[in-house]
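Here's the structure we're looking at; comments come further down.
As written, the chains take the letters A, B, C and D, and residue 1 is the first residue of each chain.
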Amino acid sequence: MSGNTFGLLYCVTSFGESHGPAYGGVVDGCPPGLELSEGDIQKELDRRKPGQSRHVTQRQESDRIEVLSGIFEGKTTGTAIGFVIRNEDQRSKDYSALADTFRPGHADYTYWQKYGLRDYRGGGRASARETMIRVAAGAIAKKWLRERYGVQVRGYLAQVGRTSIPFESWDAVDANPFFAPNAAMVAQLEKQMDELRESGDSCGARVNVVASGVPVGWGEPVYGRLDADIAAAMMGINAVKGVAIGAGLGATVASLWEWQWA
Amino acid sequence: MSGNTFGLLYCVTSFGESHGPAYGGVVDGCPPGLELSEGDIQKELDRRKPGQSRHVTQRQESDRIEVLSGIFEGKTTGTAIGFVIRNEDQRSKDYSALADTFRPGHADYTYWQKYGLRDYRGGGRASARETMIRVAAGAIAKKWLRERYGVQVRGYLAQVGRTSIPFESWDAVDANPFFAPNAAMVAQLEKQMDELRESGDSCGARVNVVASGVPVGWGEPVYGRLDADIAAAMMGINAVKGVAIGAGLGATVASLWEWQWA
Amino acid sequence: MSGNTFGLLYCVTSFGESHGPAYGGVVDGCPPGLELSEGDIQKELDRRKPGQSRHVTQRQESDRIEVLSGIFEGKTTGTAIGFVIRNEDQRSKDYSALADTFRPGHADYTYWQKYGLRDYRGGGRASARETMIRVAAGAIAKKWLRERYGVQVRGYLAQVGRTSIPFESWDAVDANPFFAPNAAMVAQLEKQMDELRESGDSCGARVNVVASGVPVGWGEPVYGRLDADIAAAMMGINAVKGVAIGAGLGATVASLWEWQWA
Amino acid sequence: MSGNTFGLLYCVTSFGESHGPAYGGVVDGCPPGLELSEGDIQKELDRRKPGQSRHVTQRQESDRIEVLSGIFEGKTTGTAIGFVIRNEDQRSKDYSALADTFRPGHADYTYWQKYGLRDYRGGGRASARETMIRVAAGAIAKKWLRERYGVQVRGYLAQVGRTSIPFESWDAVDANPFFAPNAAMVAQLEKQMDELRESGDSCGARVNVVASGVPVGWGEPVYGRLDADIAAAMMGINAVKGVAIGAGLGATVASLWEWQWA
């Protein structure tokens, strides 16, 4: 409830820092009787894993999950599912130069102001490595939703900087390092990303997520409606600055070039 | 926790339907010692009140708040602040034709599917009249934040359909029925809204909210960061389909005309 | 979450002070389709009402509940059930002498230390009148549990001071002002209470509550097991200092006369 | 929120089964800047450890804690403290005979009814080994409370079956395997326990916990008062059937021999 737990009935708690011994999480509220193995979760973690192309962080990690509870004889038992993912490539010496410097746009400064001290090792708790826990907890949820309700949740890269990526097929998504749903765009994206990195800059991006087969009536009115829960979950991800649902901001039918303070 | 309560330390619970006897709310966690009167809250409710121009719903309501607890001798006591706002213009007969019809885009159908029955009187719990409770709870929070921390929270209409509204001044905001921050735009907005209503259509809009003086470090890492809480609160408001913070979606530096499914 | 809300799925929020305008509450999470009238709740409130015998507080209150939401056409709708109970006998002048005095064993001093100010009117928020909200919320829950699951929840006075009251019949319980399950004990209880009041003293008592027909498996392991939820709810009631379940403290098979610090 | 998380600001989440790979927990909300080592926690776990006398379970476990996050350079950082405790003595074959048998008074049957399957290995999630997590989380809390507020929390065995144990000194408590505060009683307790084990029976006991130096005003009125939180925490412990605070049940000044249903 102090920020590291999310959800009410399917409830995820997370811990871990970028250069501590391990990340870990607890999924509380997973229904019993779901067939579940570490492999089911590992498959999704592998998609997230760093070091798989030159376009992502080069940190070397196997991101190997170990499930410590909640599964017995290949099925969930209804009890809390605890798991850990060890950090292997801790190289915390690499970050020692940062002990006296704040990186612009990073949460280092905020943590320092809030807590009066600072874990300068690669972002500490604010590192995007924490999204491993969301991926693991999401993998379990996705399996349950698919098997129990036929709900399918999928995502893809829809835009990078000014470049929109037209949707071609779901098959294309896993066939390139950008998760772009359009094979014809990949060469352009590689070029754009290489130029960006050479320029020492970064840019924003847009990700589309599609959930299909969702029954009518999920979520709770009024403050807990599904849109609100999703918005909170998305905006809690590092670097996410906006979220829209359905027609979303296109509902204004207007140029959003000027989406800044007036 | 079943959807009608929001917040952890400053915690708001809401009830009421469009054509029931009353709306009401409970603010739990307001610090003691805040000078507070019904007038402080009423002032904000009056800004929200229907029937004040031809551009909003013509329902006649005084939206008069009655505070029932939590204030003693002009100050908050630290105990829960309960309040009610009576519905005066209930005219539920007006809605009888809707008993057999679902309005497109309204939550009627969802409630019916979720709960197996339907309150067809003007949207029932899904009516935007519920935002009164958020306004009242927000009025108390804003007063505390301003007096205790110097934080100021203000908003204005930034876009209607394709029409962007350049920010001129905060003074302009309260001088027109649109809360537009630009007097020169008002005539155009009136024309646009009149045409829209005559065409029997509606359109999207964008509202900008600016909080100034916010200290570094508010919010809880990682799932409860301030962005996430704000996103949930905003997306819980009727008809809100997107929310962005800071540079927001402008961070993609790209045309967002195509902000729809690919 | 700041103390005035209890429960997760069936969630009760409470407000009100002894001499403010009204008490009120919100029941969130009551299932839809339950036949429910104000009379169903009033019936239980009437059992709790003061001034019904010389053995309880003589304050005159009708404790009339007004339900403001969540019921439509005689049935619960699934939305939050808000209600208020007006204070009629406020006589706050009667308490003015207490403005400079703390009553031993009352929470006045605690509130004053915690919040820095004090509502000296009859105990303010700490008044046992707040149990009205629990009675009202409990009345709704009891009706649902009985109709949906056949669960019956009943209670009686089992001991007053040193006097144990042997259980005779449930019928006896409502036939005397003590809710004693034994008609033959009533005269003795009246005498004991009269003597106690004349002596200017008070004493402890024990209440037994029996829930029958409860299905196996309710409650959540491990911190939220049913025993724990019940214990919290009971110990949150004014003046309750101990709670036991099942064989309870009798499990020690020992004299508990010395149930004090060793 | 589904039962394995306890607390609001200092929030503990727990996982693990008696014969799974490990137990673990997450403490969220520990203030930053507390000097904390694994040794601080291990010290308390060692007091709880099985196999230290013939009077407790003979399972051999080192109950070694490994802290995985939330501490940097010897101090808490304000982020979630995750930890694991490996099970070493899993011997799950020993329990295979139980796969077709329910032990009286154990939660096996409840789990089976609730979740539709059963982890028969030594009680699974219902094993009292789970109290390790409470001990670990409590060790951190106790250290903070002592250093920051001077609050001291201590406990001792006050009664076993019919045998009351008069309090002599805190020094005595750690000098015998029963945590009895009275050296002169130890021989009698050993004899009583040996006889009890030989008879194949068990008995109840009473533990007294004393918190000294607690400031006025902790806890939240009204449902979240400190008594209620403590009662929930205590009753959530395996086998605890009753809890009392202050004068407690002694307030009835009466024989409680008959503390059963009337």
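Observations
By our rule, contacts are C-beta pairs under 8 Å (C-beta built on N, C-alpha and C of every residue); 3 or more make two chains touch, one makes a residue touch a chain.
As the structure is a computational prediction, the values presented were derived from the model and not from experiment.
Relative to the C-alpha centre of subunit A, the farthest chain centre belongs to C. When the contact pairs of C-D are matched by residue number against B-D, B-C or A-B, more than half turn up again in A-B.
Chain centres here are Cα means. That of subunit A falls 36 Å from that of subunit D. Between the Cα centres of subunit A and subunit C there is a gap of 47 Å.
Shown for subunit B are the residues in touch with two or more other chains, namely 1-5, 8, 14, 79, 111, 114-115, 125, 221. Across the complex, subunit B is touched by residues 1-6, 8, 12, 14, 107, 109-111, 113-114, 125-126, 130, 156, 158-167, 181, 203-206, 208, 210, 216-217, 219-225, 227-236, 240-262 of subunit A. Considering their complex, residues 8, 79, 221 of subunit B touch subunit D. Against subunit B, the residues of subunit C that register as touching in their complex are 1-5, 7-11, 13-17, 20-24, 26, 28-29, 32-33, 66-70, 72, 75, 77-82, 84, 111, 114-117, 119, 121, 124-125.
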